[in-house]
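Across the two complexes that follow, chain A remains constant while its partner is chain B and subsequently chain C.
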Partner chain A sequence: MEADSRLVLPLAAIFTAFFVAPLVVLLLLSLHGDIAMQGWTLHNYVKFFTDPFSYSILIDTLLLGVKATLVCLLFGYPIAWLCARAGARWQSVLVFLVILPILTSVVVRTFSWIVILGRQGLLNQVVMGLGLSNEPLRLLYTEVGVVMVLAQVQMPLMVLPILTVLSKLDPNLADASRVLGAGEWRTFFRVTLPLSLPGIIAGCILTYAASITAFVTQTLIGGARLIYMPLNIYQQAVGANNWPFAAALSIIFMITVMIVVGVLGAIGRRSEIHGRA
Partner chain B sequence: MAGLRRIRWDALSLKLVFGLLAGIALVFLVLPTAVVLLTSFTSSQSLRFPPPGLSFRWYLALLDADQMQRAAWNSLVVAFWTTLLSGACGTAAALAIARSRSPLMRAADLLFMSPLLLPALSFGFAALIFINRLGLSPNIPLLVLGHVIVCVPFVLRTTLASLSQLDASLLEASESLGAGRLTTFRRVTLPLIGPGIGAGAFLAFMASFDNVPVSLILADERTEMLPIHLWQQIETNLDVRTAAASGAIVIATLILMLLAERFAGLTRQMH
Partner chain C sequence: MTASRSHRLRLEAITHRFGASTAVRDINLDIAGGELVALLGPSGCGKSTLLRIISGFIRQTEGRVLFDDSVVDALSPAERGVGIVFQNYALFPHMSVGENVAYGLQAHKWPRERIGKRVAEMLDLVHMGEFASRKPRELSGGQQQRVALARCLAIDPKVLLLDEPFGALDKNLRLDMQIEVKRLQRQSGITTILVTHDQEEALSMADRIAVMSRGHIEQVSTPTGIYDTPQTLFVNEFVGTTNVLRGEFIEGPAVRLEHGPILPVGPDKAFQQGRAVVVSIRPEQLRFRPAPSDGAFAAVITTVLPLGAQVVYDVALTGGPSLKIAEPRDAEGGLRPVGATVYLAPASPAACNVFPAS
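Moving on to the complex of A and B:
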């Protein structure tokens, strides 16, 4: 091993001892019936896939991620677009505003959303003040509320990768499209959007993974009745003290996340090759 | 004439739609921070928004909140050690990864970045089982190691990004002028990638200070961490001291962000 490569060793040691080894133990425990780990069994996995309650939680979680990611994309792309067009100074200000939520403590942020989304919260005051609704909207402890908050919390993860791609884009390409007679919308959908696909996919991977694993937001905004995978794992591990089943849930959840990330990543690589051609 | 008007309307409508969406999004991005700040200065006993009057009374009440102060101190200590370890090991690993093309290093890179995508709660739970099997019980050093796993990707990412922009000819120039490898690192490489490391360390510190999933599972009964304490406050008795503590965290975050922007060009490092 050359001298430079050895610099990786300290972190590699920490990861082997404290990341890889625990995950291996987690996998082993999920294949046993109890914590003593005697006798192999697939019981925990069979239990998950035969119990509609269990696997519907996984499906709900995956769908929640899709909804939050789409909302993030719808609102995040225009922010990135605006940032890319702004001068250096305004760009700094905008990026600062975008990363502000992700750096503010997640508990604090969620707490603030409880004040905003509550029955007598800010949003309901505005909605009722404008006469849009006669009674307060139920937002807290509903999926609409969870999607809203997740979209806000994860917005930077969508905006930043798109901004990276948009600011490297050659403005001549859009100009050429306009000179050739395409309108702004056509130029956007036929030139700018396809070229920014790698950024969009990178953003979607990050937002999706962050949304489905967002334990604090899901639990505090969703309340006890909306159960997603992270809370399910926590309840099985700490509440029900069923460690082997919680281990199986964790493994299933992690593999699902890896599959989604892998598929999106493969699409991303293809779009990059396509973009270059 | 009609054609020209159509083109103008076309350009205008695109700007209008994008501007509107971006505007709404920006309001929602800033809203929670603004609401927390305003609520924390309320003069009333309740968390009503907008507050009926402004005062510092809940910030003063924080001075007597022993439990909260202890939790804040624990979080600061853990975040400090996490940042130090992540910064040192992460920078070293980034140097090795950036200078190598071997598939083994690509794999290491992927491994080190994976905690960013995998559910942190599952990792925390795995670590707890592991510690248990070893016959140990959760303690602060183990908690710090757990935090390093989930925080080091931030250091790695920003440092690798600044290393990729490093002009190799500068290093060659330094070495051809007779500087040793260590001197070149200290006098050329480090100053140039310093902002990248700094921005990464800042992000790692914030991520550790704010971590719930790992702390919730790996902190022992005696060491309560601030986010967990605040969470319990929010779930049980929503008192206004929680708002004041939240306000204090927001103010500290804003100050740190401005410092990170000033000294490490934070916003430039983020994209």
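Moving on to the complex of A and C:
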């Protein structure tokens, strides 16, 4: 046992040096007035919570995550359901299409979305060509656009956990429901959906965490006027050279995200206990 | 009450193909109201496909399914009024026992007050009244099966389908549950089909057994009929154990066995002279004889298996194949020793079943 546990030490050392130590530095930095780290102060935290501009960015970011996650779930669940029902060959084709965004470089992916969403972009040409609108829609540099792109990019993180849970579901359960007189809809809402809750929660945690921290997507699609936490931290640190405030923002952002993920995870564990056969 | 709730089931010329392969072929079966019929066969014989056709999950390629003279082919599983107990019970794991039983009643839009009453009544019927608020995972296998039965009987189905229901239970519990299910079935008078590959289960539970092989029914008969007068070699070999000897049919009627001796068979056996046949004799239909009399075969005991109430001897015929022979164990007499020379013969010519050699 002794020798076995010692094998973990190198990993623990790396973890401490490259993850825990920077976090400690970040925390210490956030408790100082300037980069020279003279004197302790809570000034940065007080500033954040008393400045409506600062905390409204945090709220916008958290809400952006909620919107992107919901859109992702709305499209992701049916996709996962189709994958689970498809035959082996179609399933691998569908899964490949779903994970394709992960396999593409984030910059390429984001620029193709700019081409699609722009004033003269693909989407507007289709909409105007069909006569659905006389004016080009404003999508680029709007939150709607950011949500659309985030939902597409994070889709695999939603689909894969749900697909895993759905494919492990005992097909006899749906059959039992049908034979007891329930239609497809009742079977879905009373049996399939509740039993896939653990997958939904896992998918939501992953897409949520990925969406609110997606610096490149948020910044390139949202533009300079839509500011979310990652860009805000970047601007404070690199633009305003206010490292202590950027550090405080990071700590606050991190703790908020941990709370959201923790709450979702607790719900997930409860549903898992209910769902276990 | 029994008669009014019992429904007849009729399968007419049912054939089902999956692509190029035929899963079931020309199945004809009439099941009387309140009867318990077992579909018995090895895995892949088409019995599960037939179950899914009766319950409406598969639409057969040809033929008709009738409940009480009305064709149900166009009805979905939800509309057909069948109850299924699945091999793994398929209880809804996120619902309590009571919610599981109430599920079908809710789907049938029963008023809430009546649902509560019915759930309590059904759980009492299977002696699970005090477990209503438990989750299925907190129950033992036998208890889960009782709940599965209560759940499917609650909606008063026309036909009850049991899909290998005792396979997951250990042996002692299995017998208890078989008795319990048979009691419930008799009590409710519900027409029942038991799908199983376990011959003992079929023999002990069913009024009639349909033995299936490679997609078609080999024989339908009572349990004793299946065991005593099998109509095909497959049925003979699949149900119970038997000794198979090759030979040719000769006048007598008798069979000249491959290794020489002549074995008289019952007068009802009629084949062409010289036809290659197989004779099947069950171990308990062979008798030890004290001396090499007429028609007794000499043999040497090679293995002794004392199986409780019975002893099974594996013997090698002189110049011929090995046979199994069973006799009741005599507590006083002890066992016959390995290596002893013995003489044996069928209990009677009628105990030999003769089938054409394939």
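Here is the rule we use: the second predicted complex is superposed on the first by the 269 of 277 C-alpha atoms of A that agree within 3 Å, B and C clash if a C-alpha of one lies under 4 Å from a C-alpha of the other, contacts with A are read in each partner's own complex, and residues count from 1 in each chain.
Simple rule for what comes next: a residue touches a chain if its C-beta (ideal position, glycine included) is under 8 Å from a C-beta of that chain, and two chains touch if they have at least 3 such contacts.
On a predicted model such as this, the values are computed, not experimentally measured, just so you know.
Student: Quick one: chain B or chain C, who's touching more of chain A?
Tutor: Ranking chain B and chain C by residues of chain A touched puts B first.
Student: Output check: A:177 vs chain B and chain C. Expected answer is one of first, second, both, neither. What do you get?
Tutor: A:177 sits against chain C, while chain B stays out of touch.
Student: Just chain B (first), just chain C (second), both, or neither: which does A:29 touch?
Tutor: first
Student: Contacts for A:234 in the overlay, against chain B (first) and chain C (second): which applies, first, second, both or neither?
Tutor: So A:234 only meets chain B here.
Student: Have a look at where A:191 lands relative to chain B and chain C in the superposition and call it first, second, both or neither.
Tutor: Once the two structures are laid over each other on A, A:191 reaches chain C alone.
Student: Can you pull the chain A residues that chain B and chain C both touch?
Tutor: On chain A, the residues that contact chain B in one structure and chain C in the other are 183.
Student: Which residues, counting only chain A, touch chain B once they are in their complex?
Tutor: So the residues of chain A touching chain B come out as 4-8, 10-12, 14-15, 18-23, 25-26, 29, 35, 74-79, 81-82, 91-92, 94-101, 103-116, 120-122, 125, 148, 152, 155-156, 160-161, 163-164, 167, 183-185, 188, 205-206, 209, 212-213, 215-216, 220, 229-230, 233-234, 237-238, 243, 246-247, 250, 253-254, 257-258, 261.
Student: Considering the complex alone, what residue numbers of chain C touch chain A?
Tutor: For chain C paired with chain A, touching residues are 55, 57, 76-80, 82-84, 86, 88, 90-94, 103-104, 107-108, 135-137, 151-152, 155.
Student: Using the touch definition from the top, list the residues of chain B that touch chain A in their complex.
Tutor: It comes out as residues 6-7, 10-11, 13-14, 17-19, 21-22, 24-26, 28-33, 35-36, 39, 47-50, 85, 88-90, 92-93, 95-97, 99-100, 102, 105, 108, 111-112, 115-123, 125-127, 129-130, 132-133, 145-146, 148-149, 152, 203, 206, 209-210, 212-213, 216-217, 227, 230-231, 234-235, 238, 242-243, 246, 249-250, 253-254, 257, 261, 266-268, 270-271.
Student: Would you mind writing out the residues of chain A in touch with chain C in their complex?
Tutor: Spelled out, the residues of chain A in touch with chain C are 170, 172-173, 175-183, 186, 190-191, 194-195, 274-277.
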